[in-house]
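Down below are the structures I want you to see.
Below are two complexes that have chain A in common, paired first with chain B and then with chain C.
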Partner chain A sequence: MTVATAPSPAVTGTPAGGPARRRRVLRWLLPMAPALALLALFLAGPILWSVYIAFTNETLTGSASVNSQFVGFDNFVRMFGDPNFVNSFLLTFVFVIGSAVIGQNTLGLIIALLQRGRGRVTRSVVNGVVIGAWVMPEIVAAACWFSFLAEDGTLNAALGISQEWLYTAPMLAVILANVWRGTAFSMLVYSAALSEVPPDLVEAAAVDGASPWRRLVHITLPLIRRSIMSNLMLITLQTLASFGLIYALTGGGPGTASQTTPLYMYEQAFRYFEIGYGSAIALVMLVIGALFSLVYLRLIKVEDA
Partner chain B sequence: MTRIAARGAALLSLLVITLAFLGPFLWVLLASVQPEATLSAAPTLTFSLDNFRAVLTWETIILPLINSIVISGSTALLTVLVAGLAAYPLSRYQLRYRRHFMLTLLFTTGLPVTAILVPVYAMFFRFNLYGSVPAMVLFLTASSLPFSIWMMKNFMDGVPVSLEEAAWVDGAGWMQSLRAVVGPLMAPGIAVVAIFVFVGQWGNFFAPFVLLDTPEKQPAAVTIYTFFSQYGQVAYGQLAAFSVLYTAPAVVLYVAVNKYLAGSFNFGGSVKG
Partner chain C sequence: MRRSLAGSLVLLTALTAAGCGGDAAQESASGAKELEVLYKVEPTWPHLEKMLRDAKKQYETAHPGVTIKLTPVQGNNEAYYTKLALLNRSPDSAPDLYYHDTFQVNADVAAGKLAPLDDYLAKWPDWNTQFPDSVKQAAKGADGKIYGVPISTDTRGLWYHKDVFAKAGLPVPWEPKTWNDVLTAARAIKQKVPDTVPFSMYSTKIHGEAATMQGFEMLLYGTPGGTLYDDTQQKWVAGGKNFTDALTFINTVYREELGPKQADAHNAKLADKVNLEWFPAGKIGISLDGAWTAAAWKPTSTKPWPEWKDKIGWTAMPTQNGEEPGAVSMSGGWVMAMSSYAKLKQEAFDFITVATNKENSMTYSVSTGDLAARKDVAADPKYTADNPSVKFWTDLASVTHYRPAYEAYPKVSAQVQEAMEAVTTGSRTPEEATAAYVKALPTAVGGADKVLAR
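So, the complex of A and B:
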């Protein structure tokens, strides 16, 4: 803490030399040290560690827990040859496209558009309900949807039918639940974006006789293009790794009918204690997430970070 | 005429959407105050607080909620402290690799934390940290740092350097200047980051589910899951009452920062092209 009284940024005029240089480094390194240490130990560390154990046969029980061995690409060969992994991969794809790209994104945009020019009361009621679903912890959201879709649940009672939705249509169930939970984010993004669209542009087009649909497609949407792309990337990244909601709602079942990749990874690593194999799956998910994240960085073109 | 028709159609669509969104809420709200609650949100005239009374015991909800407060609270405090310190040089000094560092942070926010939990678990097991609440809090802090440092830096950029200069003239170092000048001026920003992290961890299920070993350490997110995953013998009214009690703090805190958070959804702000 004695270095806390180092000279202010304004008065470091000494040429780059021994002590002055060291002091300058300390000036930024000291306040950043706790953050750097935590990031290195608990974020970068595990990621590097996963690269290592993904190539071993490490388990939590049995002989491989004491001395795990390097097994090369065995875990990856096994992964891509396992129909359950391929199934989980396809289900993750369906889940992301269905619940994020089509569901949350489109519904969020529609709600934001419908709310334009509405009265305060209407907006507050709609916002309150949609955002309420978003603020709710995911396990409570799962409990809500469990009761909503159960055989003696609210939906069946309202429709007057008897249908065990979580067994007959598990993917539809988790997709709907995730749309319900996540739409608020897209809605907020699009409300913010739409408020920046200059009204006179849209009005001018209306005067020229453009239909509401044409005004939307040719003026409004191109103007909020960047927000659309950013939103799509962000919700895709969030949905890829989604675990709690599906786990609590269907447990991945029945069988493997709704077992997305995070649930498959959970089963392998924490139920069968195949830590090496589980890490290989984690690594694949990290790489996919990293690729999307890179695309996202490109898209938003960060100005002077 | 078409104007009115369009207006009516828009309002009708909003009504349908609102009703559809309300559906899953109904059960929690109704069942929590019904003594004979089932899975269906049946409107009845009976009203009682029996369900709340039944769950308000030490091991059912009080201890899990205390655990949630301890875990989320210490993560939020630690995150704000560490992120605030790290944001200071990033906001105030011309550092050679600042841009790269900020981009790396932004990149990190996109990584799936779910996937990181397998190696974290392996590491915790290897180094005897499995079941340790402080170790988990450090991990949660690290995972919320990238985004928090971003937000902190943006809020800090809003505090003019000129205000610090007087403090420097008086011989204050960066520590004093950060604590006495910058900190108080960006208090709303600090509150936003703290509450954002707190609410995020309040709902976090996977990390404590995987990293903590005994029920006595588990936060409400995990307790409520074990509560309703025992299919067949669930007291649904109590589950609903638990849900209400557990959700309420998150809603209250969200409402408190709603005004400030709304601005974060505008990509024209700190991140533009």
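So, the complex of A and C:
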């Protein structure tokens, strides 16, 4: 409740301009004040707090939970020196590239392309199936895939073999499950984008003798490039933070074979009670997400130029 | 205008404060007092809840005006520790009383979450007459005060299947004298009784403290001078030969495929597989586990198996090379603890005395198979009636060790689990895993000056 003493933007931000200008600013600020206050309280507050925590040795229990100390960059030094963090970082990269950038993105685009010009019934059925997987809660999707891939699961029963998929190929399992669950989002984005592509442009190219592949590469894709970048950015951020699916499916195991950074963070913060260290990991993930976004935004600009 | 803005902010803050603090008052509008009790429940482990429901009824009858609010946490021990630690972050969410694993007690004492009970215990006759001195230490803080009343205690050792042993040509009763005897028996089972798991132990992170205590420490404390903590120098021991030897045992089990398959070794439900599936089906030879294992086969269990008394044997875990005293065991247990935030402390303590009275302790011990903390329960024929193994496990107390349950212990335990898991999967050799432990230990215990190099 220390927030009561936090200065409100309206109080501190009085400009030095004339009375007319001041009145204009106030007229703008007054209706915004509750929203700004709420944002400061519930968004900026926790974020700043967690940034601060990342530089302390705060724990959930033990003496460091009552008098935690500022430890500077110790948490970050420790993180980059921990092979388990480096491992989790690489796995996160594999997971994002495999399940989002390649899997969901490509599959979503393919389904959207194949649906063009199909009958209403076909479209409804395909959309229904794909979106069905998407609306399913993460944990339910994980349970489905668990029963599919488990040793006594559906896949082994269908193939007539005994294979411990979740143990032998945990990353493949979580990537497939995430592609299965998340493709609908990309499909919807691309369906919308493709409907904006003028049919006469594509037809004209066809008349000129361009093959379907060339029409796709030289006409359709350039026209929807902004959607591609926005989609990539959104699914990358979603996948970067993906936790429930992997946690329920493999728990990050066996060993650390599928322990992506969010799972590593959970383990440190909530199993080993290292809140400070966990926050430092969260901060690094935030930076990684921002970097990814910057790259995509940059690409959009380059394309536009 | 600015004043009205400030006014609205104050109002907003006040509303938020009211929202956050709404739970703080323990007395509801009707004037009734309420005590919240936090505990854990699993589908295959409903025993504690039964006992607490009885205790709630007895307490509410005897204390009109006070209600007991039972708050269960669904899930395994690890989920329970996390939930409790999170609730304990704020006085508003902290439960008044909770079921607490003794190895977490000192960390919570250091954090100021627990209330010392000495003043109340001094006025409770049962404490002096019914609780043995060894058991009283279960939740003793570093400051010498008592922070919980024991609900149960335990010992650990080997359970084995007599039919499997007969098929493997092994003697029954079986009395291994060294680690090698255990491995030799497991090898014989692997060779002569295929389709069975020769030997099972917990050795992966998913089993948490069970891996550390039932698994690693049962080995380490059976090596000559093996310990995690040097009491005389008050420092944590950094690896050394004892540590590597214990890891080598685990490594041997998994490299020679004498243990469960890797997928099972990493399965959170391994205990259920071993006790509810494999033992009744004769699919396992030896299991390194706790005294409570037989509770899985009782009539009150989810899968009763009355034949277990004829089929199952039990024996002590031997020391590494048969060193004195010949056997090793580890003991811990659970206590009922009181939050330092509890407002109604006397009422809360009264509930502890009800929950740990003879009747309720009996209910708990008989159904869980944990060893009774109270003398009158241990002496009651009803306590041993259904379980011929109880005397053996109780007697193991003569060779038992206690964990160095200091504040840093949970973090040290986590590092032990890392090392165990690495040799279980084979990603590291025992020497490499020990080296990694040595490297991680100073961070876990809060400084290189708290570590004793070996």
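Definition applied: the second predicted complex is superposed on the first by the 255 of 305 C-alpha atoms of A that agree within 3 Å, B and C clash if a C-alpha of one lies under 4 Å from a C-alpha of the other, contacts with A are read in each partner's own complex, and residues count from 1 in each chain.
By definition in this document, a contact is a pair of C-beta atoms (placed from the backbone, for glycine too) under 8 Å apart; a residue touches a chain by one contact, two chains touch by 3 or more.
Quick caveat: nothing in here was measured; it's all calculated off a predicted structure.
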item	value
First (chain B), second (chain C), both or neither touched by A:F76	neither
Between chain B and chain C, more extensive residue contact with chain A	B
First (chain B), second (chain C), both or neither touched by A:E196	first
Touching partner for A:G253 - first (chain B), second (chain C), both, neither	second
Touched partner set for A:T154, first chain B, second chain C, both or neither	first
Touched partner set for A:W49, first chain B, second chain C, both or neither	first
Touching partner for A:P137 - first (chain B), second (chain C), both, neither	first
Partner chain(s) touched by A:P34 [first = chain B, second = chain C, both, neither]	both
Partner chain in contact with A:F270 - chain B first, chain C second, else both or neither	both
Touching both chain B and chain C, residues of chain A	1, 4, 8, 10-11, 34, 38, 41, 60, 251, 270
Parts of chain C lying in touch with chain A, wherever the complex brings them together	1-2, 5-6, 8-10, 12-13, 16-17, 20, 78, 81-82, 85-86, 88-89, 104, 107-108, 110-113, 204-206, 208, 261-263, 266, 268, 407-408, 410-411, 414, 418, 421-422, 424-425, 427, 443, 446
Touching residues on chain A, where the partner in the complex is chain B	1, 4-6, 8-11, 27-28, 31-32, 34-36, 38-39, 41-43, 45-47, 49-50, 53, 58, 60, 107, 110-111, 114-115, 118, 122, 125-126, 129-133, 135-141, 143-148, 150, 152-158, 177, 180, 185, 188-189, 191-193, 196, 212, 226-227, 230, 233, 237, 240-244, 247-248, 251, 262, 265, 269-270, 275, 278-279, 281-283, 285-286, 288-290, 292-294, 296-297, 300-305
Touching residues (chain side chain B, partner chain A) in the complex	6, 10-11, 13-14, 17-18, 21-28, 31, 38-42, 81-83, 85-86, 88-90, 92-93, 95, 98-99, 102-103, 106-123, 125, 138-139, 141-143, 145-146, 149, 164-165, 168, 171-178, 199, 202-203, 205-206, 210, 220-221, 224-225, 228-229, 236, 239-240, 243, 246-247, 250-251, 254, 262-263, 265-268, 271-273
In the complex, chain A residues that touch chain C	1, 3-4, 8, 10-11, 26, 30, 33-34, 37-38, 41, 60-66, 78, 84, 151, 164, 166-167, 251, 253-255, 270-274
